[in-house]
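Read from first to last, the chains carry the letters A, B, C and D; within each, the first residue is number 1.
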Amino acid sequence: MTVTAENWLEGLVDEIRPALYGGAVSGYLPEFEAARVDDLAIAIDYGADGILTAGQCHSLFTAQSVVKVFTLLLALHHRGEDYVFERVGCDQGIGSYNSLETFIRGSGVPVNPFVNAGALVVVDMLPGSDPDSRVRNVVDFIRALSGNTSIGVNTGVARSEHTLADRNRALGYFLRSHRLISTDVEELLWAYCQMCAIEVDVVDLARAARVLAQARDVVVEGQVLRAAHLRLVRRLMLFAGMYEASGQYACDVGIPAKCGVSGATIGVVYQRMGIGVYGPALDRSGNSVGGLRVLRQLSGTLDFD
Amino acid sequence: MTVTAENWLEGLVDEIRPALYGGAVSGYLPEFEAARVDDLAIAIDYGADGILTAGQCHSLFTAQSVVKVFTLLLALHHRGEDYVFERVGCDQGIGSYNSLETFIRGSGVPVNPFVNAGALVVVDMLPGSDPDSRVRNVVDFIRALSGNTSIGVNTGVARSEHTLADRNRALGYFLRSHRLISTDVEELLWAYCQMCAIEVDVVDLARAARVLAQARDVVVEGQVLRAAHLRLVRRLMLFAGMYEASGQYACDVGIPAKCGVSGATIGVVYQRMGIGVYGPALDRSGNSVGGLRVLRQLSGTLDFD
Amino acid sequence: MTVTAENWLEGLVDEIRPALYGGAVSGYLPEFEAARVDDLAIAIDYGADGILTAGQCHSLFTAQSVVKVFTLLLALHHRGEDYVFERVGCDQGIGSYNSLETFIRGSGVPVNPFVNAGALVVVDMLPGSDPDSRVRNVVDFIRALSGNTSIGVNTGVARSEHTLADRNRALGYFLRSHRLISTDVEELLWAYCQMCAIEVDVVDLARAARVLAQARDVVVEGQVLRAAHLRLVRRLMLFAGMYEASGQYACDVGIPAKCGVSGATIGVVYQRMGIGVYGPALDRSGNSVGGLRVLRQLSGTLDFD
Amino acid sequence: MTVTAENWLEGLVDEIRPALYGGAVSGYLPEFEAARVDDLAIAIDYGADGILTAGQCHSLFTAQSVVKVFTLLLALHHRGEDYVFERVGCDQGIGSYNSLETFIRGSGVPVNPFVNAGALVVVDMLPGSDPDSRVRNVVDFIRALSGNTSIGVNTGVARSEHTLADRNRALGYFLRSHRLISTDVEELLWAYCQMCAIEVDVVDLARAARVLAQARDVVVEGQVLRAAHLRLVRRLMLFAGMYEASGQYACDVGIPAKCGVSGATIGVVYQRMGIGVYGPALDRSGNSVGGLRVLRQLSGTLDFD
């Protein structure tokens, strides 16, 4: 039997699976509990060379924190770099992603757009006259990036998260007390919960990631996404995308990536590939065990910096 | 002319007045701006020996953070010491009274009952089936302590504060995410704003403070306030009552006291006197310049520890 | 048999002893390991009314952090209050007594004279042309306060501590980088280690504490210790003397006190008594289990604030 | 006149020079004061394509913190990745490079090898039976990387820094109290000061940087520097090389680089170039104004990620 790329990826799934049992499915939302600790699906979009998949690649899951990558890019596109980085930092940060240590002392500015406080500031910047239209704009943006017009919000998950949002609500009111957001906090939170609950599959993530991998300006549905913004998003993903494990991840793996609590993982290899992984088993830092393993294996086989 | 106690106090007012110009009236609420920087009123309740006053001693002002002394005592009375101090610390703390540094790392427990987060936890413990009845219970409690049945809430000030309460709202939701409060945060905040807006004069404060000065259990309107609770409140006032200036105040002056942003100040000299001061000029730590001066002068003339 | 004061104190020892097994003798220095977890000795100096003792009241032990009380008083006497509190804070502080969190952010000033960094600053202020003469001055001062001219330094313990002093050395160099000390750090440390190793018994501590309890200026060997300085020392002991348990201790017990890692404990009841306890079993905050129990029991029988 | 690469670089110097006046030469050591705020020299090593220079490219200056790049690489080579990163973190960190906030809470491990505490841990790991032989090994290593056998230590600058080293001494003793270093702190510090005082010119830095830019294992004087170690060093430089400006630098410029307080700057473009800059005018974060400008300009003309 010939070793094709397709069965190499299936082999990778088999190789990684045992490690998944060392992680745990998040208990954050009751909806996550349906996931199995050994679920693992992968899609890699090579651009012109096509797309490779392994595992249940059409199973849907919610993007959760992976959506922060898309909201950041949309905010950069809509507002420009200066506006965005006056209201949110670009540091790696310390402490847990939803803790009170994710604000810069004094100014109250969140350390980066991927901690929850920073993501809320970004949602406040998105285009749309009201929170609902912002959610639609984010859904449309992800549809355009992935080429899948059936993408939508899982309202049940959004509602479920909304009932547990007291910590994020605290972050929101703290931001408003520093005048870093202008939207009503309740509306902002509901928009944020809906964005986190956008449902995708690994192919959607891989296709969207392939766009992020571009070296040049990209035209998506008539809008020009600037190369400088794509690069900024990749760089932040590289060194701040993995919560408190970001530094170690950047040193060890070095592929710009972002995980979500659902197990969603997105990775971007400059000019070469977009990666989508679904692996709901999480490690102690809240990152997907399977997602990280896939990225680590790929980084070992690629020649990049 | 003979130097009587009464004109000694008037002399003290004259002596202190020039220092008031070094402070500033708070701009926190528009209602405070009516106050004059050189306003100063004092009342001292000597118990059986009567009450001395100087300045506009029947002018009304809102208690603001001074109310935290009474809510703490009422919570101790209602819930007992163990219940209260499982949910709020008894440390001096560092950082500003409404900052995110007023929580103990990890547990999320506020450092003491006088920082805003701690005061919110205390309001959550007060007797009453709903927030409004808690406000009434606090009003009734202060009426009983001061013997003035006309005390009530200045609803305009409460509403004004409520519109500016985003920082306190953030503190409230943070507490709820740590399950340290059970009331709805919005209702809790509205109750808190009303309690801060209870209107008193310096005689009311002096009379209530005289009760706090007791060495033995006190019966107030049929309720027995335990000596141990009075002592606890005095001790916390001693070393945690003056925001970030608490340590220096405890060393220099040593009279258990508490200031509010309106300029309200209460002081308690064990077994001897209750002190009420109104001095809206505040120093950089947010304490009343006049209030502190009165207490410092008294501490120099008294023999106590 | 009549219940005399003497056998009341022996009864107290018996009552407290079982609790000692819940603590542990410090392993910080090998010399401490000779101590037994159930050792307990008490002395109470009532002034004119004489001195009561229980347990092995003439056993010697090193003062350790208890000496910080005497070095502070001597520095205040020698330099005055303003000089001292420009170089060391008077806040309760947070964090462990020898941690890097005991400096005030920015200025590098230690939070109070009882954390190690603060104690080093105080040693730098003591009278004496060189570190050795400073040690002699502290020994002489404690001899004078306790009326025991045989008090001296246990050089073996001092040397033992000196070999383990890297953390304190770090604190010392940090202070020097902020220009808060001027002595050579090595000399300062050796002086500090010797001061911590001054050997006393509980009667010495009780007698010295009785001097600290005075309401008025005290003449000790021709020197006038000012009442204001005694009061300052008592107040700091009250709210900052028990490491991270200081706030709870101040609320619960309220007797100005200080413990050392050897189990040495000193307590001061204003105008009434000086207390010395030796109880090497320590609790998790590093305070003497026996020392705290004795003080708690006494606070329950005394009428003070 | 034709625009050659050589005169393009001279043009760059002219373009950047006005911005230098917005910075300031460090007053940290008296030796730095001889530098002129508008000094600027650049060398770029293109590998086989030769080396370009502009400005006073043979003026000597001390490497200062730039040496941390070489000591890290030598430690990785000598001890391996696991040994190194058990004793020092790989996070971006917050706070100033020599502050007490550069330790990870609890463990006392420095946040990364480029803050002073981390660099001291790295010096402790270097090959050599004693501190002096470690210094020689670092000198030899830099000689080998740059191909310049005349490189040596400026002992005057080393001595000058050593007299000002109290903050670093504090960091050293703190590390030893956590058992993170085993060398005598004084010897370690003297070795560190000498390493910081290694004198180079921009051509030396460019040539050494060109080695760091390699994709594959490199043989330097018979030793095999592993590609994985070169990559690790580049990645840490990328996101932690610019003190507190590291995050912003990584997003904006994205070329792995490191500055020193002397104005020394090194930059590494993967597989393409090694960059050395000397520009003693520093910005408020302590980075070289000229060094950063050169790197920013280059990043705009290069196609990399």
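Heads up, the rule we're going with is that a contact is a pair of C-beta atoms (placed from the backbone, for glycine too) under 8 Å apart; a residue touches a chain by one contact, two chains touch by 3 or more.
In this text the structure is predicted, and so the values were computed from the model without any measurement.
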Mean-CA-position distance for chain D and chain C (Å): 48
Chain centre separation in whole Å, for chain C relative to chain B (CA means): 34
Chain centre separation in whole Å, for chain D relative to chain B (CA means): 56
Graph class of chain-chain contacts, one of line, ring, star, complete, other: ring
Touching pairs among all chains present in the structure: A-B, A-D, B-C, C-D
Complex interface listing, chain B residues touching chain C: 85, 89-94, 112, 215, 231-232, 234-236, 238-240, 246-248, 250-251, 254, 270-271, 303, 305
Touching residues (chain side chain A, partner chain B) in the complex: 100, 103, 166-167, 169-174, 176-177, 185
